Amino acid sequence: MIYVTKKMEFSASHRVYNPNLSDEMNAQIFKKCANKNGHGHNFTLEVTVVGDVNPSTGYVIDLKELKNIIQKEVIDILDHANLNFDVEGLKNIIPTSENLAIFIWDILKNKIPNASLYKIKISESKTSSIEYFG
Amino acid sequence: MIYVTKKMEFSASHRVYNPNLSDEMNAQIFKKCANKNGHGHNFTLEVTVVGDVNPSTGYVIDLKELKNIIQKEVIDILDHANLNFDVEGLKNIIPTSENLAIFIWDILKNKIPNASLYKIKISESKTSSIEYFG
Amino acid sequence: MIYVTKKMEFSASHRVYNPNLSDEMNAQIFKKCANKNGHGHNFTLEVTVVGDVNPSTGYVIDLKELKNIIQKEVIDILDHANLNFDVEGLKNIIPTSENLAIFIWDILKNKIPNASLYKIKISESKTSSIEYFG
Amino acid sequence: MIYVTKKMEFSASHRVYNPNLSDEMNAQIFKKCANKNGHGHNFTLEVTVVGDVNPSTGYVIDLKELKNIIQKEVIDILDHANLNFDVEGLKNIIPTSENLAIFIWDILKNKIPNASLYKIKISESKTSSIEYFG
Amino acid sequence: MIYVTKKMEFSASHRVYNPNLSDEMNAQIFKKCANKNGHGHNFTLEVTVVGDVNPSTGYVIDLKELKNIIQKEVIDILDHANLNFDVEGLKNIIPTSENLAIFIWDILKNKIPNASLYKIKISESKTSSIEYFG
Amino acid sequence: MIYVTKKMEFSASHRVYNPNLSDEMNAQIFKKCANKNGHGHNFTLEVTVVGDVNPSTGYVIDLKELKNIIQKEVIDILDHANLNFDVEGLKNIIPTSENLAIFIWDILKNKIPNASLYKIKISESKTSSIEYFG
């Protein structure tokens, strides 16, 4: 079994707050991440899949094909979007990286031909990351 | 003369559009950067100053002092902000990295003790950057 | 379960040698790492914790809180220190990255609220790293 | 148990194609990677070994020794080589990163003193990687 | 005046040798870079242009447009190519990074609308680079 | 004219203080950088030289030759050293990066065959750098 990882990026904005809580509670919990007009990041997304090497190609999956799947299913939806307003499946979810990882896992889990989705990793900055294994 | 550079980051959102143009013109010129609800980046800011080495310290300027000046004068204003709505001096300016560089130059140009501001460099992503020398 | 990682840095000096061995043996085993006056590194520390997402925040742990814990418990003790002389808990230990990882694990293992410590990773350079899972 | 990783690089060229297939099939499967005269990469190789800390050195394995083993057994063979023609053990293998990882595993698996080989990771670019655990 | 830089990559192979010299002389001058079957790199290309900010867009040049020009004029020609055999304009030139920089300058110097080409920077590895200002 | 840059690293320790000042003054000016037992960094050194391309090699200078010169003249002296005690030419100098850059310039300025030394750049961390042009 070989693990294959593709790294891509998307630029998005979000406001991290819980609409069921008061503004004061949101400010206390989320601090400047709850600023009313939102802020943004270059999010780094790493998708890892696992499978056997196909002896006629030497690939588990062609990385160009994996890139195309992630581009179409995930990046086209999230890039240059406001994660609070613009993404159908995120509308009732606090758009933290944790919840984004679960959201992306659910999109991709049945979309990888001849291999299994193994891990979703999201970084909001050079010094932090979130990993989800389903 | 020695050139001293400090690199810092801020996370902000922006919508790149010209309010004097129609929505159609904005979409044609700025494409997805003009999306209505904005998007965001981790902006990297590099500030370069130039001066002589002080023989009693071996420094042009203490990098901790330079960091504190940039933090107070620039990062505290731009970090976790929406550049279209939240920053007083940017309100009538299209918030591109080019205009941000000029804005930051004007803030810092007289704030560096014992050295001269030399360059402002801003990167919106790992593959692009803007440099301004005043 | 979601894995959350925070990366931080500290700058320290150390001399890698075993005081129970002769100078000749130390030079033979540790080579220039045993140089008498020490040398130094920017150490990169990555702390990974694991837990469930809190539905009211969307976080396993607020990364700012995790950063504050690591800063107070680890970075404030190790940064700008000489690892042979300045750190109480390291005084009888050869200050290799391996032993540093175990030392930091023991400090943090009971300090993470609502999540479990999963991994300590230390890099002395861009081309090497040590990982410890407790 | 501590995991120790050394990262090294080699520059090589390859043509990704299956000699048992027609030129048309190769072009369809491998696209520009099958270009007749080959192309190249700076390959990044990360070797992870696992073992116990030796109390008299504080090391699992001296990283300089691990580097020397990888240099002699792998880098000297692959660096500045054409992977289709110049490497004895790769001659009947499609030189993808997947197959390279298996090839390097087999070289190193019995060559690490006092520790076990745990993982081979190869990156052809900043945005892709292959991992193999034997 | 604002300087705008776009960074892109291409993967290519080359053999660095002078066909007017003997094999022995080539081996002595270029060492393993002259290996008969060639080797390869991920080349990093940074193109810097300089111009005034257009007040109606806030841009010197739209970075997406700059990217498209570099892609069409340079990357499509050099990516996944063998620089000794596959590129028309390089056929009588030793394909060092120095000569590549001059080659790319000549391609792009009159292709940048509303701005001037300022610098071509090429890196064959993380530790080396070539810069050419025309 | 082409500019050629080689990046190398060295690991060293230093204590930043002025022996002509009191301990209190040193603590006030240099803060934790003046800690008695010193601290350390992985210093990144970038050496840029400038010259014409030699038509028979396609090089300004062979990067392997430039690397060997820097290794012998600079890295062998500074790597794994304590900059306050172990380096002959630094003994009466506060070992800041500014003074290191001047020290390295003076070593290398007449040592580059067929090219001129153009710049010395030193980084103590990922977020700061010093540049000196002689």
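For clarity, chains are labelled A, B, C, D, E and F in written order, and residue numbers in each chain start from 1.
To be clear about the criterion, contacts are C-beta pairs under 8 Å (C-beta built on N, C-alpha and C of every residue); 3 or more make two chains touch, one makes a residue touch a chain.
Computed from a prediction, not measured in an experiment: that's the story for all the values here.
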Quick one: which chains contact chain D and chain F both? C, E
Could you let me know which interface, D-E or B-E, is made of more C-beta pairs in contact? D-E
Just going by residue numbers, which of A-B, D-E or A-D has an interface where over half the contact pairs are the same as at A-C? A-D
How many angstrom lie between the centres of chain C and chain F, each centre taken as the mean Cα position? 27
Averaging over Cα atoms per chain, report the distance between chain A and chain E in Å. 34
Report, in whole Å, the distance between the mean C-alpha point of chain C and the mean C-alpha point of chain E. 41
Interface hub residues of chain F, defined as touching at least two other chains: 126
For each chain, which other chains does it touch, given as pairs? A-B, A-C, A-D, B-E, B-F, C-D, C-F, D-E, E-F
Please output the residues of chain E touching chain B within their complex, sorted ascending. 1-8, 53, 56-60, 62-64
Sites on chain F touched by chain C in the complex: 9, 11-14, 32-33, 35, 37-42, 79-82, 84-86, 124-126
Across the complex, what residues on chain B touch chain E? 16, 18, 20-21, 29-31, 93-96, 98-99, 101-102, 126-133
